Amino acid sequence: MFDSRMAQKAAENLEKLKEKKPLVHNITNFVVMNYTANALLACGASPVMAHAQEEVEEMVSFAGALVLNIGTLTPYWIDSMLKAGKRANEAKIPIILDPVGSGATKLRTDSAKRLTDEIAISVVRGNASEVLSLAHEGSRTKGVDSIHSVDDAADAAVILAKELNTTLAITGAVDLITDGKIIYRVSNGHKLMGYVTGTGCTATVIIGAFLAVDSNPAEATTTALAYFGLAGEKAATHVDAPGSFQISLLDALYSIDKKQMEEGAKIQIQ
Amino acid sequence: MFDSRMAQKAAENLEKLKEKKPLVHNITNFVVMNYTANALLACGASPVMAHAQEEVEEMVSFAGALVLNIGTLTPYWIDSMLKAGKRANEAKIPIILDPVGSGATKLRTDSAKRLTDEIAISVVRGNASEVLSLAHEGSRTKGVDSIHSVDDAADAAVILAKELNTTLAITGAVDLITDGKIIYRVSNGHKLMGYVTGTGCTATVIIGAFLAVDSNPAEATTTALAYFGLAGEKAATHVDAPGSFQISLLDALYSIDKKQMEEGAKIQIQ
Amino acid sequence: MFDSRMAQKAAENLEKLKEKKPLVHNITNFVVMNYTANALLACGASPVMAHAQEEVEEMVSFAGALVLNIGTLTPYWIDSMLKAGKRANEAKIPIILDPVGSGATKLRTDSAKRLTDEIAISVVRGNASEVLSLAHEGSRTKGVDSIHSVDDAADAAVILAKELNTTLAITGAVDLITDGKIIYRVSNGHKLMGYVTGTGCTATVIIGAFLAVDSNPAEATTTALAYFGLAGEKAATHVDAPGSFQISLLDALYSIDKKQMEEGAKIQIQ
């Protein structure tokens, strides 16, 4: 039922992460900075948050991956993201974009599109409306309003991934990942994750960490989401309310070992 | 002793909140963004933090309530609050102001007064010195320095609520709420709440969520404070130190049900 | 083995802190604002975060200590730090600097040096590379790259402390504190502290609180680090993963009493 090679790769990526401890440079939102830094530490990576235009190019050059998140954007922060992103592109450092709220306001949609236009992004992670809002006018990608089923979303994502030449991850009860060729589905996770702010943003930084140790963006993303979802499942075995859950989730990220990862991953390839 | 109609209304408001899941738009301070977002999720609402002047008017138009908090203000953020507030006024979206530190520095006092002057605010929540600092020169409201008793504060609050045409909530061991006509007192709460940063700011966002489901600002405020105080009491039954308490407080916000709310509310009407 | 007079002073400082409840003004980074505010509350101090150039001079004048932390710096924030710092100097309010990432980017190194050049700083706390990056060109202080042992770092720190006329605290498995004359070493602490973001920044704010009640900067710093390290040890007796640990650490800061402090301090004087 679940893909055993991908389960094994999830375990291997987790082990590599704990060995290499890559620096992950985040230009992200104010709400989640503390929690995502703690999540990165818990999974073995080393976080740095830096957004000043005077230093982002220098800072990103030390990093194994760059995380861009527009959750509390202003134009200054978008310009910092572009500066860091261009340098990351030159240095072949992978970039993941979390287009928080793209589709909801013009500033967010325009900024997310500007980022995908002006820099090469390895992975975009968001919910269906955020991810599919990145389609250009006249694109073959159907708008979010016309998505009536999970299969519609998958079709739209495959087309958009090809257009943007990137890997897309639409997370939800079942996560859908595609690079325009292969579709991966991850069914790890727990509903309490929806009651903790920034779990989406946290999924994004964990993908960032996995990108630093796996040169295949779609597989890095899929295995990272299986790991994060499995941590949610483990956390929920101890607790049943969101305050305790957010703490147990960090504990689970820290304590999941290679064997648990390989046995627990629920990844399907279409 | 305690008002049974208000206890029943607290339970009803909580139930409405969990059904309607209103979006609460926050322009708030950096210290509490994560915690207040988690508190809003725990009580059933949907938080969004957005402060860019390019998008606040668009964002607030989707919201059931707007929370303005000046805890780490700069002039840019105050201008964003004014933009969002004016649009909220046009759309009849209720606004709650938390004038953190008003009275302590000129920037804070002037900014809080500017907000109450230029936009219509449904509720102001703070401690006695913050709330009463909003009185204008020559106002009949006595200054904070001349407040010698809880009764003095109540008298001053009634006068100021009429002058500002708003509901005022002065929170403390006993919370005092008035719209200038009726005085409500809430005696729910626990002293550990004073050892967690941003519990005042959290009270504010929960009032914001209740404003989105109750068109009577004084009753929305009073019932929200009874709910938040009851959560503090429930949290303190499990733990006795502030780290654990802040987590249990989120758990309690999530798990209090209609019956517990109705039985636990300690609201008096004067 | 451990210095009993310093252990006693640690206990006395902790008691003074809980009595005086000094206001600690923080101009700090976005990642740790919430956690350091909670740590200050847990240890009995009163935190305020304020960075607007219009108010920092007024705000710092109420404070018992000023904490400057460049973790998510921009030039605007550095200018705010300079304004607040100059006023603090005039009013003889002690200042502690946390030069996060100094040595890593030019902006950080230049900003940290500008702060130590233009204002009188009582204490600088960081890791070895951050602290030693503050040496000027042509300084007798050896660069970080030439530090091959703990003894090398101690020698360099003593020279640099004299040059900068300040107390330096290099924290790690064993903390090293020197005012250029005496070298103190603190061996309290636990390895899980390295898995929680901002534990270094938290050490800094606790030193800030101790500076507000102890006029000897080196002894304030040493006793604060013993207290913080002891809290880490206590926290680790209950838990074994970083999410739970960060919460237990706040609980331990709150609950350590005078007797536990005196018995638990592991301070050596060289």
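Each chain gets a letter, A, B and C, in the order it is written, and its residues are counted from 1.
Just so it is clear, a residue touches a chain if its C-beta (ideal position, glycine included) is under 8 Å from a C-beta of that chain, and two chains touch if they have at least 3 such contacts.
The structure displayed is predicted, hence computed values, not measured ones.
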(message) Quick check of your reading of the touch definition: is the inter-chain graph here a line, ring, star, complete or other?
(response) complete
(request) Same or different, please, for the chain A to chain B contact, judged on whether over half of the interface numbers appear on both copies. (result) different
(request) Round to the nearest whole Å and give the separation of the Cα centres of chain A and chain B. (result) 34
(message) For chain A, give me the residues that contact two or more of the other chains.
(response) 30, 34, 246-247
(request) Using the touch rule from the top, collect the residues of chain B that touch chain A in their complex. (result) 30, 33-34, 37-38, 41-42, 47-52, 54-55, 58-59, 62, 246-252, 254-255
(request) Can you check the complex and tell me which residues of chain C touch chain A? (result) 29-32, 34-35, 71-75, 101, 104-108, 194-198, 241-244, 246-247
